[in-house]
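These are the structures, in structure tokens.
One chain, chain A, links the two complexes that follow: it is found with chain B in the first and with chain C in the second.
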Partner chain A sequence: MSITKHINDWIDERFKLSRLKEFLAKKSVPINKHSVWYYFGGVSLFLFIIQVLTGIMLLLYYKTGEDASYESVQFIMSKVSFGWLIRSIHSWSANIMILAIFIHMFSVYFTKSYRKPRELTWLTGFVLLILSITFGFSGYLLPWNELAFFATKVGTDIVGSVPGIGKYLLIIIRGGEEVTGSTLSRFFGLHAAILPGIYVVILGIHLFFVQLQGMSEPSEIVKLSLEKRKSMPFFPNFMLRDILLWLVILNILAILAVFFPMELGQKANAFASAPRGIKPEWYFLFMFQTLKYIPAKVLILEGEFFGVLMFGLAGLLWMLVPFWDVKTKKGYRYRLVNTVGLTVLLFIIIMTIISHFFS
Partner chain B sequence: MDIANSEGKTRRDFLNSIIGIGLFGWLLTIIYPLLKYIVPPKMREPEVKTIAVGKVDDFKPLSGTIFKFGNKPGILIRRADGEFKAFSAVCTHLDCTVQFDEKIKLIWCACHNGKYDLNGNNVSGPPPKPLTEYQVVLKNKEIFVQKET
Partner chain C sequence: MKKTTIYCFLSFLILFGKVFCESKDQCIICHLDVGDKPAALYKTDVHFQMGLSCAACHGGNSTSDDKDLAMNRSKGYIGKPGKNKIVDICFNCHSDSIKMRKYGSLKPVGHIKLYKESVHGTTEITTCITCHGVHNIARVNDPKSPVYPLNEVKLCAKCHSDPNYIKTFNPSLPTDQYEKYKTSMHGQRNAAGDTKVATCSDCHSPHNIFPANDPRARINAFNIPYTCGKCHSDKTYMKSYNIPTNQFEKYSKSVHGIALLVKHDKSAPTCNSCHGNHGAIPVGVKSISHICGTCHALNADMFSKSPHAEVFEKNNIPQCEVCHSNHLIERPDDDMFRMGKESRCIKCHNVQNDKGFMAVLTMTANIDSLLFKQKLAMQVLFQAENMGMDVSESKYEMNEVKQILIKARTVIHKANLNDFKNEIKPGFDIVNRAITAGNEALDEFYFRRWGLGASSLIITFLVVSLYMKLKKIEKKQKNSEK
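Now for the complex of A and B:
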């Protein structure tokens, strides 16, 4: 008996691995014209793993503090061997991860994969999106440069516009009344400890649901007889395709990091004017552009609060789509859901383009 | 066996509610210090009332300069007629720091394109109110900015 077989039997006797093997052998992925979208959840997962690994590596040299953060990132970029590569991959991967999550979300939305019995998978996915954006926002401040400083001032000031509790929330988020080294400490704790902990738990639940229920199939295919529904074994057929795509993405990341390394910019200075052409990360651009169009007062509400309220309500409706999509049960098409989805998608794309190219 | 009183309440119901209230109180004693902990303590900073910004000749007409006023930025404007004006440089919209724009000859905020005239009044864009104005005092060709008391 070989050693591997021996070890295998030893573990199997105690943990019944044969059941897991049986599950993996049976696990399959449906093949249909929408199959390409099945890859984007995996891509988001892969990019998250890259984030964790490069994030841990950055922790070896990164320091927090008004007098240390900018300098330590500068040190990573210029002195540490391949420091520029690790940091550039970390921030490129963050951006592409948000993009992959958006593609994943819209594909699930338009193929109506959130319908019964997958409502909770959609909900946990939405929570992961919010957490990912919070990851992005908190990580953006950590190099303590001019752009990050003003982006954080604006972003947190918007929270402060909520009537009543806004002032307290602002102080809790900033660690004081202004954006200072205290804010940096809080954002660092959030970015490197609190968020990863929560994220891993929710991601675990999200993936567990997917394993329990399998991949969703479009309603017109579910109606077909079992013989006509095609599928592919997950292990190894689909997994190898997954891994191939992940390798392609890793190469794209490396190319981006080498030819378009992330800049560090000027160090934050609380006594300098906001620089010309200041803009937030691309995934905030549509909200940023919308805020520019909202007047100072809407009815009795302050403009910013009105904007926050509208985006909050829209987000809530979006999160709850499995519950107001009333045609879920019958598996019909539902024009309203498609119209809402297209409107949201077009709004985001148009506002982002206007903000990026025309202002 | 539970013995009920005239209202149908048993001794167990009574004990359950006592335990429930106790548990709630116990939770509060845990949550309260945690909530208090995340609110940062108020730091008392000496309040700056007056500050010297520079000599009159250091500033050409139609210009704006950011200066430190305590822990906040201020902006000193010299108008075309040579008169000085000083404001808080904190944009009333979303807390960015404004600047003097030489092209449009207005006070301008780069974050959301808010504009103020040289009297600090919000004239265009999202700012909801004028910039807070400070007093400018000239003494022997030296410029002092002070907060109204």
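Now for the complex of A and C:
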């Protein structure tokens, strides 16, 4: 008996790994014209893993505080071996992860994979999107540079427009009336402790649901007989394809980090005037641009608050799509869903382009 | 003929008799009769000579010999004018150019209006009669006038040299101006009877006197060069004194003049900063370094410790002026001590193997070398920065080199080679470190490119291997299915 088999048996006796092997051997992934979209969930997961690993590495040198954050990032970039690479990969990976999550979400939406029995998978996925965006927003401030400072100021100002409780919410978020070192401490705590904890739990549930229910198949495929439905084993076929794609993405990340390293810019200065053309991260641009078009006062509400309220309601409707996308009386699918999805997608793309290139 | 003569006489009487009768100034007639001193004085007054009666200031009817009619308050008689009325009475004519022209005066009257805004006018400390006298007012160019150039300084000093009087108005105002003036070149000449030299009103203006910090004041820092230049740049006016008249022209081109007149830097020195104000004199040879040292303290201190200080004093050489000139002080540059036509050093140290000559050569070589290395370091750092490398720390440190160069150039005033070398050495250390850091950043840039190439190669190899493995597995699976 070889040593490997001996170890396997020893572990199997205690943890019953043979059941997992059996599960993996049986697990299959459907093959159809939409199969390509299945990979984006895995890509998002891979990028999250990169975020965790590079984030931990950055934690070894990052210091929080008005007098330390900028300097520590500068130190990471210039003095720590491969610090520049780790920081750039962390930043690029964060951006690509949000993009991958968006693609994953829209692919699930348009293939109607959120429908029964996967309503909760969709819900947890939506929560993960919100958490990812919050990750991005909180992480953006941590280098404590000029752009981050003013973007956070503008971003958190919107909270202050909520009638009645806005002022208190703003103080809670900022740790005071202005963006200061207290805001930095809060955002760091959120970014490096609170969010990862919540994220891992929600992600675990999301993955558990996916494993439990398997990959969703388009309705036209489901109607076919089992013989006509194609599939491939999850292990090793799909798994190897996943790894292959992950390697390509890793290489793209390395190229971006080397050719387009993330700049640090000037240190934040609360007394300096805001730099011209200050904009948030690209995934907030569509909201940022929309808020510009809303008048200062809408009925009795502040324009900004009205905009945020509308986005909140739209987000809620989007999250609850599995519950309002129902069959019509005649048994047809609700076509409005596709129209809404396309409108939202076009709206996001157009607004982002306007904000980025023409504003 | 006789008839015609009588007819003409009668006609003359009819025509001019009334005029003769009315032109009699009854005020003077009566007041002289009663032995009134002001009336006696008024006969010498310029106004009386111009035909103005007492009524011109005091009101009333000067043609009437009836006291009640002549001094009737309901008819405009005001008696002795109150202090607040005096200025208005004088201004009635003296601020009206048309009225003044009738009396043959073509002088501008606008500046007199400013009197009311002046330090004297706003506080009513003085009125016209305080300076010009009353009842015996004489023309300004009349030696009897209190404001005649030879009398004016004493007139002003009456109040301005009395500490007890002045402190009731402005406790911080000095009262030694007259004493200082007497020591000045202006004061000495004035005392000798020269009416052309500057007196108080030449610098402070006669009527529109403002505090020095008021931009309207002639003695405001920004106006002083023009105030002094008014006389000192006038070749005709200054001809008899046989002194240059190009000071203003030179000063306005100097580093000090540009700072004050172009950049409006009030801290820049103006004429009185070096020459003094009330005690203005030409700067003496021995006092030059002290005067320059009031602002350039470090340079003056270094110069005083240099071997030059003793030699210059012995040979009566004007210290700072030898290298920097006086009115035309230009921004010092490295050509001042380089071996060229602009060099100040070789004016004296022009012998090969002279210790000073050799020291100058070493200093020049050091400065030029540091400047060259500074430029080189900045080029390397900019190149690295343009390639996306972070060299901000070295760039920040390079700022120190500018300071070191300034210090090293300042130490030249000591004329001590060792001190100079000690000052400039840290500059060389910094530029050498910056060049090394810049080159390391460039090496790192290429290392990253090569590293990326190598890692891409490995990843590509892995991707290809995985793909082949996948194909192999799938082929095997297909075969087993068959």
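Throughout what follows, the second predicted complex is superposed on the first by the 353 of 359 C-alpha atoms of A that agree within 3 Å, B and C clash if a C-alpha of one lies under 4 Å from a C-alpha of the other, contacts with A are read in each partner's own complex, and residues count from 1 in each chain.
Simple rule for what comes next: a contact is a pair of C-beta atoms (placed from the backbone, for glycine too) under 8 Å apart; a residue touches a chain by one contact, two chains touch by 3 or more.
Just so we're clear, the structure is a prediction, and the values are computed from it rather than from any experiment.
When both complexes are overlaid on chain A, the residue A:197 reaches neither chain B nor chain C.
By the touch criterion stated above, A:78 is placed in contact with chain C alone, chain B being left untouched.
In the superposition on chain A, A:291 contacts chain B only, with no contact to chain C.
Comparing chain B with chain C, the partner in contact with more residues of chain A is B. By the document's definition of touching, of the two partners only chain C reaches A:243; chain B does not.
By the document's definition of touching, of the two partners only chain C reaches A:251; chain B does not. By the document's definition of touching, of the two partners only chain B reaches A:171; chain C does not.
Look at A:163: by the touch rule set out above, it reaches neither chain B nor chain C. For the contact definition in use here, the chain B contact set and the chain C contact set of chain A share no residue.
For chain B in complex with chain A, the residues that touch the partner chain are 38-40, 43, 66-68, 71-73, 89, 91, 93-99, 109-113, 122, 125-129. Here chain A touches chain B in the complex through residues 150, 153-154, 157-158, 168, 171-172, 175-176, 178, 182, 270-278, 288, 291-292, 294-297, 302-304, 359, going by the rule given at the top. Listing the residues of chain C that touch chain A in their complex gives 388, 390, 392-393, 448-449, 451-452, 455-456, 459-460, 462-463, 466-467, 469-470, 473-474, 477. Across the interface of their complex, chain C is touched by residues 74, 77-78, 84-85, 233, 236-237, 240-241, 243-244, 247-248, 250-251, 254-255, 258, 261, 264 of chain A.
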